[in-house]
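Structure below; questions to follow.
Chain IDs A, B and C follow the sequence of writing; residue 1 opens each chain.
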Amino acid sequence: MNRVTRTAQRWVVFAVAVGLWELVTQLAKAAEAEKSFFFPPPSEIALTAKDLWFSSAFGDHIVPGISRMLGGWALAGVIGIALGILLGRSRRAMAYLGAVFNFLRSIPPPLLVPFFVAAVGPTNMQFPTIVFGAIWPVLLNTVDGARGVDATKVETARVFRLSRAQWTFGVVLPSALPKVFAGLRLSLSIALILMVISELIGSANGIGNQLVRAQRDYEPTAMWAWIVLLGVLGYLFNTLLLVLERRALAWQPRHSLETQALATGG
Amino acid sequence: MNMLEVDGLGHTYKGKDGSHTAIDGLDFTVGAGELVCVVGPSGCGKSTLLRTIAGLIRPSRGTVSLHGNKVDGVPSDLAVVFQDYSRSLFPWLSVTRNVEFPLRTLSRTEREARAVEALAAVGLSTAGKKYPWQLSGGMQQRVAIARALAYRPSLLLMDEPFASVDAQTRFELEDLLLRIRREQDTTVLLVTHDIDESVYLGDRVLVLSKSPATVVAHLDVPLGPVRDQITTRASDDFVELRAKVAGLLQGAPVTVR
Amino acid sequence: MSGAPRVPASLVGLVGFFAIWEVASRTDLVPGYYLRPPSVVLPTMVTLLGDPEFVRAVVATLAATLLALVIAVLIAVPAGLVLGSVPPVRRAVMTLVEFLRPIPSVALIPLALLTFGTGPDTKITLAVYGALWPILFNTMYALDEVDPLHVETARAFGTGRLGLLGRVALPSAAPFVLTGVRLSFAIALAVVISTELFSGGTIGLGQVVNVASGGGLNMDTVLAGTVLAGLIGYGANAGLELLHRKAFAWSQPKVGAE
């Protein structure tokens, strides 16, 4: 009974919200209210989405957009983790580089688009933009995690005369892993944002490109459909990453996993 | 044969606001198979002593030799059990993997055999698959001891190993240590601030002065290899010795041996 | 650490960074045509800051960002307090929140521009949407993390439900909320600039950069605007961290999300 109530609580408000949305937009449409054209009922959005997502646009736009985003994110992740582990264990390196990294991180990532458009051209700039924007959260979080290896673990490792590889991959990396994942999650959402904005500003294909096309063609329903797709993708990738994180960090007590996820908006 | 020789050992920390001499002019030896307890007041430099012997700190003066070889860097046949078991164990590894962790040069089967043996010795045969946080503090410290034993060190250093567990568990772990060294003939140097513990565990007790720590007395503990928490602690020898150590720590006139 | 350099290491690092940039651009290691050297970019930035037109654009961007941040705080903190302290409401609303949050705010830019035009309220609305989430989640997280012993202590002294919220929960949550605000500033700034970059019709730093990067390809101005935006972001972050240290000396910054 209790479980039924909880599930109901969980979905009732959502169902009511969607129902209200449908009702209000239908009424507005019937009354030909101002702006109602821009707010189609969810049922119409769903139908358009079905047509758009599973058309040729899937291979032409959705797949290229997603591969850019995931590719850029993965490269940023690899570089960020490797550099972060390297620099995090050196007090001196971060004393010198910390401010530089923080400055680069502080540049609003969308502003990288004009620079990379000039540097590599409008059709190639999406990937470097995503990599450059997504690298900082992973890098700085990894540095933080690698730094946080406590003194007792350092001494334990020295007493057992660990090899360099065992120290790096057996002690530093696992110690840093919770923070690394927090960084990867932030980077993932930045990669999604940068994929969209870079495709909006100039791209031959991609989801952002389709959004702009729908805007030019004055098709709000199609725009809604693409927006919903981006939301679904964001949710999907974040959930997958969380599953991966739960597996990788299964050694942690449950509580700390959950609070971490919540704290970083997982 | 002397397993450990400490000669004129001294260490001074240099900081921004002056220097601090933690230990000075320490001389002592530990024979093979002996269990020697070092007892001293809090903050007297016991930890510094242990870390210089382990090769974690390079001493400012004097030498440490392990079976004749001068210690310069961490020796290969030495293990340390730290007070803070929750940090010394690796939380991302299961109990068995923690014990196997330092044995990377051995074959897989050898590693597994050593881990099984060491976990059995500390009474944790069934806990191998658990993660450290799923165990109580006393059990975690048993894992740390098992890890040190599996490494088969010539010298086992213990830094306040039972200071972070409750009194009941502490007694159990003390008896565990006594049993293990009887069975395995391990050489142990144990640092503690607890007078009773030093007398109960040690074949000999080294009493240190306040900082900078120097050796104020060597006391032999004639309580035999088999001891018991109730009868030993009530025996005349024990009571007399603990009073003597307490007196030494409070700076009473020294009458040694 | 002995032998630490007398000049702050971070300054040495920054100077080194600009020096490498300068060399990279001068030696055509990277074509200097688009990666203009800092010896050109930094003076351009100073010159631009003397130009009232440019200053107006920067002020417009900053004002929109700050306004969006204030509105986001006014919505997200009360909402977070309710969601964090009333579990049934939280269960009910979270599903909706989980559906809304993943939608990247920049994805809404074309639709918002089409619907509401290019006025400043469009970018402010979008920035509010983006800035809500870190504050909301940090506030909720903070309430989860309130030490139960503190609550019990207060209750043992006869503190009521409202007193608990105001005198225990809110003070212990405040540092987390500020962390959320710090993260949200960066997001709000990025969303505002994205809107300006994309629409071209709304006054702001993003528009200046957009115009400079089009047609004439004025890379001096593009890079000067980018560096300035970086400095603004850096300054805001450092300022909020300082505020954190001053206001909540009892708590460490960097709690919550980073």
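Criterion: a residue touches a chain if its C-beta (ideal position, glycine included) is under 8 Å from a C-beta of that chain, and two chains touch if they have at least 3 such contacts.
For reference, the UniProt names are B = NitT/TauT family transport system ATP-binding protein; C = NitT/TauT family transport system permease protein.
Note that the structure is predicted; figures quoted are calculated from it, not measured.
Listed by label, the chains touching chain B and chain C alike are A. Centroid analysis (C-alpha atoms only) places B farthest from chain A.
Chain geometry summary: the mean Cα position of chain B and that of chain C are 52 Å apart.
Each chain gets one centre point, the mean of its Cα atoms, and the points for chain A and chain B are 49 Å apart.
Rounded to whole angstrom, the centroid-to-centroid distance between chain A and chain C, based on C-alpha atoms, equals 17 Å.
Those residues of chain B in touch with two or more other chains do not exist in this structure. Residues 51, 54, 56, 74, 76, 78-80, 82, 84, 87-88, 90-94, 101-102, 104, 131, 133, 151 of chain B are the ones touching chain A in the complex.
Here chain A touches chain C in the complex through residues 6, 9-14, 17, 35, 38, 91-92, 95-100, 102-104, 106-115, 117-119, 140-141, 144, 182, 186, 189, 192-193, 196-197, 200-201, 208, 211-212, 214-215, 218, 220, 223-224, 226-228, 230-235, 238, 259, 262-265, going by the rule given at the top. Contacts from chain A toward chain B in the complex involve residues 150-153, 155-156, 158-163, 166, 170-171, 174-175, 177, 249, 251-253.
Interface of chain C with chain A (complex): residues 1, 9-14, 16-17, 30, 34-35, 88, 91-96, 98-111, 113-115, 133-134, 137-138, 140-141, 144-145, 186, 189-190, 193-194, 197-198, 206, 209-210, 212-213, 217, 219, 222-223, 225-227, 229-234, 237, 256-258.
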